[in-house]
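The structures considered in this document are given below.
Next come two complexes, and both contain chain A; in the first it sits with chain B, in the second with chain C.
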Partner chain A sequence: MTTYILQRLFIFFPMLLVISFLVYSGLELSPGDAVSHMISPELASTITAEQLDAMREAYGLNQSFITRYWIWLTSMVQGDMGYSMAGGVAISEIMAKTVPATLELSMVALFFSTILGCSLGVISALKRGSGTDNSLTVAGMAGVSIPEFFFGLVAILLFAIELKWLPVGGRLLPHYETLWDRIPNIVLPSLVLALMMTAGAMRYARSSMLDVLAREFITTARSKGMPEWRVNILHGFRVALTPVVVLIGFRLPLLIGGSTIIEQVYQWPGIGSMFIRSVRASDYPLVMTISLMYVFVVLTASLVIDVLTALIDPRVRLGKE
Partner chain B sequence: MESKDNIALSVRDLKTFFYTNNRCNKAVNGVSFDVEKGKTLCIVGESGCGKSVTAATIMQLLPTLSRIEEGEIKFRKNDEIINIEKLEKNGKEMREIRGSDIAMIFQDPMTALNPVYTVGFQISENLKYHTNLNRKQIREKCISLLSDMGIPLPEKRVDEYPHSYSGGMRQRAMIAMAMACNPKILIADEPTTALDVTIQAQIFELMDKLKKENDTAIILITHDMGVVAELADNVAVMYMGNIVEAGTADDVLRRPTHPYTKALLESVPVLGRGKNQDINPIKGSTPDPYNRPIGCQFAPRCNWQTESCDIMPEISQINETHQVRCHKYEQFFEKYNEKRNSKIT
Partner chain C sequence: MAKSSLDKKFDQIRKREEEKTFSTKKRSRIVSKFLNNRLAVIGLIIFTIIILASIFAPLLSPYDPMRVDLRSMRQPPSFAHWFGTDSTGRDVFTRVLFGGRVSIFIGLGSAILSAVVGIAVGCYAGYKGGWIDVIALRISEIFMSFPQIILVLLLVSITGQSLFNLMAIFILTGWGGMYRLARARMLSLREEEYVQALRSFGLSTFTICYKHMLPNALSPIMVNITLSTAMFILTEAGLSFLGLGVPLNIPTWGNILNVAQDILVLQNYWWMWGPVGIVISVFVLCVNFIGDGLRDSTDPSQQG
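Moving on, here comes the complex of A and B:
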């Protein structure tokens, strides 16, 4: 397994390099540059072409595409993420602010959706065809098909505005001191985010569980006189877990991407809303850093899935042993 | 019936029905038999005749859409007689019997073992629930069971997963699991169908040895007449949910009295009779269980069919051990024996 992980890490960096180049090219192809976004429309009519060129030179935008990419790459490798073109703030500073916010939101959502999704799916499978199963199926379908922004807005309307139980949005306020103060703010966004994922995980866990319960080793376990909980959970769910883990693992990157919308709805100061702003402003260094981070999460997630499946299912052996 | 001491399990007039789409499949429709201690009862018959359902009924391992309709399953546990059909399906009493008093081996060892647990773990589960041994003793017992089953390097193999076992080894592991608590009855549902012939012989030898050593009663479900001839003390031939003929192996194999038994025997090639031997397949196929013939279930496929076959024949006792369910059994028996006699003379 160690060899396998090392092998995977070995192709990790070349992949990052290739993808970073592709993203950089994509940015180059999009119309306008950072300078054209920096100048407000009123100013645009008074500014001369020479002044624009001077600005481009100051920012190094007049150099060739490859040179700029090379400069970016070399400084990135040295750990210098550079400065945001739009605000002039160090990117490392921006990341330090936004990454924890997004991770906080995603982790809570992932945690709730995994536990809730698995347990509801198992209950649904065990009570197949019952009222519980049918209502969970309907709820699951609704959860999968209703767009999350709609769900988020409805939740704000209901719990924040009508019932006034929870704050409308935001993450931190100046008077917040303890962790306890912050909890009400995360409840709504994380639940809305988790709900959509719960629905998927639940449907997946249900079908995987049904598949396993029909297998012969379940009868074997029962024929040994094992109690039902042991048959269903230890023999059933343990085997049904593998595909569910894969699904949840592939959700890890989706969670960061998916939270973009929820972050907007709830004014959550995370990476998602920052990403949207930076793309609009053609803020090269920031876009590059964030997209590289996405790529990093995707690659890491797939590595984590591989290792997890090998741990759960002894038939899976990674690499040569 | 009188409960004799040597009878481990006695089934009387058992009916198990399946209900799907408002239709009823009478999978087991009035079956009676006894299993003696230390003896092997073979239940033979074509696919879909109710053999496996009978076995599942005894263990109360029926799927949700089926239930025991009528009849009795009396199991002798030491001096006590337990009516299995009255126990709750997955209740405590039933669970105590399963795996410890009555154990089961399944057809396909490839799928009957859980792929994510070690073989040792799966055997130890049985011991954990049915004995008071501590962890160390359980492990030792697992190893000794595996070595009894002829698995090489049991100390190492006990910690391996089923996927690193071969088919034959997995079935041995299954048997080890079933025999872990010295059950009084071992139900083997076509235990060698999925294995190749050389392994088959080894598995049967093993079962025979266990039967002799532990006085275990074995119910062996099979459709292989060769296996029956080799292992059976008693034989019950099933067709469409009924036992059509039952008796000692000698009775049934040497003096078959039901046209179906005879047809079954004639449909198997016999080694040593050469290439030109007559093999007579049974004409037609088993009827649709939802659209059964009236009366004798075998009548439409039987050469001896007459009008009287429209009524279900009763069980006739030929001698103390030999029973048959056929209207024409006397003529049939006579003709068959005449042929045999003329051959001999």
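Moving on, here comes the complex of A and C:
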């Protein structure tokens, strides 16, 4: 087992390194450097070439590409993420503010979508082939077909503007600080996100439940004369849902990526809307750090999944592929 | 008794065989299975209607999608303007038709091109194995280490916004999935006897993998192309909605929706963003129905 984990780690770190290098060089190729972004267009004509060079010298931009990458990498490893070009705020500070907001939104959405997806999936498996099953399948497909932001906009119009039940966006109303006060703000974005994710969870739960219902221990339970609901709930449900819940838990990184546009629609101050803002402003240090953070999360999650599957199923770690 | 009815059936089969209706049996079963799937047929019909309406947009609408008409600003839907007009007096229905051209072109074009790249690499690497396969696999893993939308946004920030860049980005982010699919199919087909027979005849690698093996992997690939078309159309819409997709002067479905970021438009002028949102949803739903129908009709495990 240890060798397997070591093998996986042996892939993990080089991968992260290669990706960071690729992203760094990609942003290097994009037009303009840090200095040209720092100077506002109105002032550009008043600044001489010597002054620009002096600035580049001061920021270390005249060093070779590899040197700069090395400096960036070593300070990153030491926890110094550098500064955002817009406003010069430390990136670590920005991360500390936005990551919890995104996690909060994602966890709530994950919670709702798991409960909803699992129960609907089980219902549709129990009533396989019926009208309920078919309409749930169609509803699931509609769920993945509607653009999430469009769905979010309709929800804003309906519940925030017309009915005035919930706020239009944001994470906190001014002067409200407690957890309780936050609930109205999180309801709409998390439900929209959850409904968008339900379809996938439903599909997993349905096929897993169908799989379990065909097993022999279900037949045994039935033949003992056990009432149908006990067979389904105690024997079927419990067995079928364990893998589904594990699987859904690992969709968190996907969810964190998927919440990007919804965060923007609801002005949720998370990492996704910060990323969009930094892309719009060509704030390259921030773009780079945030995208690498996503990569780190995705790679870590897949590492954990692989290790856990290997723990559960020894064939994985013994087999070649 | 049972035998006589069996005999009758057998006679019928023989009769049909003599009339040579069996020759196209496999193809017709797939088509008839697809046609039996009501949702898939409805999807195909609406899909065709929307595509035809976009292609023949100039015939269907008397307006110019780009022409600003300040005398008819923000008019609600009427007989003259079916979906009303936007803040600069442009006819929204016309813009949806013309926007469909670009959006569908991006979605379908990127899906097909990324499939071509993915299949070209996946077939060869999957069949041949060795270092080519290892390198291709690692490269696809690099692309798959990003959440899709994040990678697209990152590449947009590197390359800047244009129609061409967006398609290139979609192909770059989309080929990996297709590559893995093609590779997996090739890995299992590689051990089949007919492939070993071809190899023993001394056929070239190219002929074996592209001419003889690829057709057997085509049906999951077709399904995947439809699903990635749906995904690319949604991604384009999302990006353009954020103002980071196709440049705003080109009408696309996402660019039309872009106005809904303004809360005043959202609140007061529903026709500027509502209908186009519904058109996108319906179109993508149809594409998904078609993909689902294709999967059901071509999946051998479901053939009865």
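Methods note: the second predicted complex is superposed on the first by the 228 of 321 C-alpha atoms of A that agree within 3 Å, B and C clash if a C-alpha of one lies under 4 Å from a C-alpha of the other, contacts with A are read in each partner's own complex, and residues count from 1 in each chain.
Keep in mind that, in the parts below, contacts are C-beta pairs under 8 Å (C-beta built on N, C-alpha and C of every residue); 3 or more make two chains touch, one makes a residue touch a chain.
All values derive from a computational prediction rather than experimental measurement.
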First (chain B), second (chain C), both or neither touched by A:239: first
Touching partner for A:224 - first (chain B), second (chain C), both, neither: first
Touching partner for A:210 - first (chain B), second (chain C), both, neither: neither
Chain B versus chain C as contact partner of A:156, first or second or both or neither: second
Touching partner for A:103 - first (chain B), second (chain C), both, neither: neither
Chain A residues touched - chain C or chain B, whichever exceeds: C
First, second, both or neither for A:52, with chain B first and chain C second: neither
Touched partner set for A:95, first chain B, second chain C, both or neither: neither
Partner chain A, residues of chain C touching it in the complex: 39, 141-142, 145-151, 153-160, 230, 234, 237-238, 241-244, 257, 260, 263, 266-267, 270, 273-274, 277, 280-281, 284-285, 287-289, 292
Touching residues (chain side chain A, partner chain C) in the complex: 15, 18-19, 22-23, 26-27, 29-31, 138, 141-142, 144-150, 153-154, 156-157, 161, 168, 253-254, 256-258, 260-261, 264, 275-276, 278-280, 282, 284, 287, 290-291, 294-295, 298-299
Residues of chain A touching chain B in the complex: 215-217, 219-228, 230, 235, 238-239, 312-315
Contact footprint of chain A on chain B as seen in their complex: 59, 61, 90, 94-100, 103-104, 106, 108, 111-117, 125-126, 129-130, 161, 163, 174, 177
